[in-house]
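The following pair of complexes shares a single chain, chain A, combined with chain B in the former and chain C in the latter.
Then we have the complex of A and B:
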């Protein structure tokens, strides 16, 4: 029912995206490549917010730890890209655990505040140790994923599709059901015998893994790691807006929202600084008047009444 | 051997001893009723057994294993299940999926649902009478079905010990019979059942034994009959009877029209919540609107307070209220004290009251506060305590006191007795009577409890299925409208 609705929506879009390189130029592909990585950020975030019920105000903490671990390993020790990515995503998971284990003991808005402070600390550290990290200018990497736009696009597209399938499948599985119950009413979930903290930490780890991996791939796509692209609070805010805009608790909606945001930002580039304002204003209107997001109506209502 | 054995259980919240050395045991196939008025500590005992609160001392043995102080999920797995009074079901999952959830093991690697699990969930749905709605979403179901869903989840865990919080709250007579049978089936299967409720009468037919608490301590134990005959229990519970008081006549009372509702109708989506309702309240009058749960009392009050859109006309002192905001209506003198109380839980009693008196002059507010402390002495002694930590009865008094701090012309009281024990009812009743005798306040009271609503009323409306079906003097209520109600 819900599942087939989502799939009926997702499959044609994915098919069209897979055939896209046949028809469009490098510029658009480059744009969509970034869109796909943002989609992974947003989907990982939705798993935490939509399902585990925890608002992570600092998605770029996880993204940044993954990205910079991978970048530093490549820059200083010339590790091959796959090894950098593997260790980078592992670092994101460990960083996430260090943050989540104590933070999840808190209730109310405190978890969100902890995640927010974590990003600020990471950003500060990177700037403070500019001699090692490249600071605000960024860190150039010897390696790059590919110099061919089409190849890069397929890497990003494939990665997004696989991540989306895993996260979507997870959200519809029994584990996803337990996670939702834990997010909504922790006392009742515990009374049914579920270790709520364990499930939330698992969700946090999964979210951290995909965020860190996507962060790592993004810096290898640019061949440079900079605070402005993977750590800055503004990047995190965009990830959150993308997920809410697309539709909370849908996973797929988060991807749609992310690609929309990246595309809209680019389409409006001719109007200069105003572009950010227009996109933000649009997001505000959607959130205020259609809190279900783009896919809220499509995927949530009807079907099972 | 007993499945549940509680001994020396003590729980303190700061300086308040909520539960003091409570001990009892329940054998397989036995139902124990744990009863006590609001604030007696019975809910805290239940929470300590489930691990939602950590006891300060004592033991809770489940089938011989002491689980006191364990986290909730471990206690649940040891064989304890709970049927919560208020359920907050997941909005996007069907009834069947909720039951499935309760059948799942606590495992991070469960990625696919076993067919056997689905079949078992369907069986359980059928057992509790949800088989015809099992593919529907909870928000489309009536209250009684949601309670059945909670019961289904407890059945799914197949616990050795079942805790049921206020099993019959909010259910109609027919539903109560159904629920009794379902709870009785736990006994037949050899589970130990603990029913937590605030009066003996409600659970008397179902329980094997009753354990009565008051102010955190044990006051009696035995069969329902024994406990009901117990002197202490009678004193604690039944207290004095609520009696009809003589009404002081005032000049012009009820003559000057204050509030007039004409042909009011309210729709919630497609459902009619209020249908062509007309009532009027005169200055200084005490008017009661009686009706069962869901009859439309709260909807009527919300329409008057400007909280829901309505058709028809509502006027206040001859002027239409149409188009005015809820805030402006409240400032105009209509203050509603809602069923849900809406206190600021993390603020102290005093802060809650001060908020109500915001718009008053300092001296006037102090005077009003003094008068209220005279009306509700308990609030004076609880001034510095957070509202959340008050018992249900005290919270209700605070809600009324806060509303009175606003010096309303018309006070709307929505179900003030909801969930309160008889001894609290009596205190509340006395306070209302004092209010009525000593001030010229106008009151519109919505009640389900007729014995509480009638004694104070000058005039009574009966609301049934969104319509006013009777209006008249409380003295005539019993013979004309009381059949099937009293």
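Then we have the complex of A and C:
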């Protein structure tokens, strides 16, 4: 029931997005390209929060580790892009394991703090070793994904669709159910004979893999890696807002929220400084009055079997 | 004279940290709320104090008073408009209230920060200190304002101690942090205690904000960092333990000052973060936390 509803919503939107390059200019495509990468960030975060029940305040730790590993390999050793992305996402998975260890021991605000500290440390280290990493200014990359807006858009769009399909399928599979159970009541899930530890570690690895890969692709899209685009706390806050805004525990909602945020930020550009204020206020209103997010209501009617 | 300098500067900054973190930890201890708009409220207090004292030419005393009053007002607004609706909402499951309060106050903090940046620009602002001038302490030239900052911080913390331990309302507050249900059984209105704790919180955050503005100066960009440092201090000391956060504030304050003087100011916060991770791994409940 739930599955068909989500799919009935997702398919027309995806079809429309696939045909978009026929109708709109490079500017909007560029915007949506970034939106697609943010969508992957938000969906990966939703897998950890919505399903595994882990409040990760530092999504940019995983994103940043993947992005900077890929960027450094390309900048200093001139590795080809696919190799950089592969090693980058692998590094992010290792980062995910580093986070998973405290996550299994700590709960609530304590784990949230560890993830926050992880981001701050990464940021501090990048600035401290500015000679190697480019620091606040950023690191220029010799390679770029593509210089054509349409190609770039299709890379990002295809990547988002595949990631979305995998994460959504996973969330609706028995594994997703076990994750949800261990997120809501770890003791009972373990008592029913499920291996909570194994499933949570798997969730961290999957979330980290896609975050890192998306981070890597994003820096190759920009052809530059900087703290402001892939590590800064503000980026992580946007990812969290996107997921909660779109509807937590829906995966697809996270993608909707992310594209909405990027689009809203752009539409509000004329009002300048106040744009962030308006977006935050809007998100706050959604959280206060429609805690289920955009998709919460849509999926809720008849969604619960 | 450098060790002495570190000792004096570290003491002033640590006292201020202690004051800033006290309200934050008290709030968590009593009502279980982590208020991520903490830094923004401090910045609002400082900027209003700066505006009233300088642009409105009302003098530093009225400025400080206006700053604290504004912080109090914003603390009430935070509780009434954001935290309470989330806590009472029937459509948010109990286990997710925490993340909603965190996200809600975070967004609120960003709104305050942006509003300040829009109305007063994000340039750093220094509040005019209550007393100007410099004294020499054993050969170290120290602004009187620095001594005043430490003294006022400790007076505020002392008054809080008296309030909590010596008054009926304060004892109810303490009881609420230990066993809220028991307190309601004794006929106390819990919601009134929550209003009280937000009032105390607002005054403490306001004083801390104004003192910070006079001592180091603030910009709206500092809001996030201020919240993060209060959060770190509180976790280091043990969530909800006031004496723990006082000790932790001194550890953090001195560690930062020491790093800034002996290594480099740019990596001031790194040793603190490392210590924090170590403590969270080895002793998740913090130095004096109870769990």
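By our rule, the second predicted complex is superposed on the first by the 300 of 305 C-alpha atoms of A that agree within 3 Å, B and C clash if a C-alpha of one lies under 4 Å from a C-alpha of the other, contacts with A are read in each partner's own complex, and residues count from 1 in each chain.
The rule we apply is simple: contacts are C-beta pairs under 8 Å (C-beta built on N, C-alpha and C of every residue); 3 or more make two chains touch, one makes a residue touch a chain.
For clarity, every value in this text was computed on a predicted model and none was experimentally measured.
Aligning the shared chain A places chain B and chain C in steric conflict. In the superposition on chain A, contact of A:106 is made with chain C only, not with chain B.
Judged by the touch definition given at the top, the superposed model places A:202 against chain B, while chain C stays out of reach.
When the two complexes are overlaid on their common chain A, residue A:173 makes contact with chain B while staying clear of chain C. Using the contact criterion defined above for the overlaid structures, shared-chain residue A:184 touches chain B and also reaches chain C.
When the two complexes are overlaid, the chain among chain B and chain C that reaches more residues of chain A is C. Residue contacts after overlaying the shared chain place A:121 against chain C, while chain B stays out of touching range. Of the two partner chains, neither chain B nor chain C is touched by A:82. Once the two complexes are laid over each other on the shared chain, residue contacts for A:193 go to chain B alone; chain C is not touched. Legend: residue contacts after superposition of the two complexes on their common chain; A:23 is shown touching neither chain B nor chain C. Looking at the shared chain after the overlay, A:237 reaches chain C, while chain B stays out of its contact range. The superposed model puts chain C in the path of chain B at one of 254-262, 398-406, 434-442 or 452-460, which is 398-406.
Shared contact residues of chain A, touching chain B in one structure and chain C in the other: 184.
For chain C in complex with chain A, the residues that touch the partner chain are 34, 82, 85-86, 89, 91-92, 95-96, 98-100, 102-104, 106-108, 110-111, 114-115, 117-118, 224, 228, 231-232, 235, 239, 266-267, 269-270, 273-274, 276-277, 280-281, 284. By the touch criterion given at the top, residues 50-52, 71-73, 76-77, 81-82, 84, 87-88, 90, 92-94, 97, 100-102, 104, 106-113, 135-137, 140, 153, 157 of chain B touch chain A in their complex.
Interface residues of chain A, counted against chain C in their complex, comprise 49, 53, 55, 102, 105-106, 108-110, 112-114, 116-117, 120-121, 124, 127-128, 184, 233, 237, 240-241, 244, 248, 273-274, 276-277, 280-281, 283-284, 287-288, 291-292. In the complex of the two chains, the chain A residues touching chain B come out as 2, 169-170, 173-175, 177-178, 180-181, 184-185, 187-196, 198-199, 202, 249, 300, 304-305.
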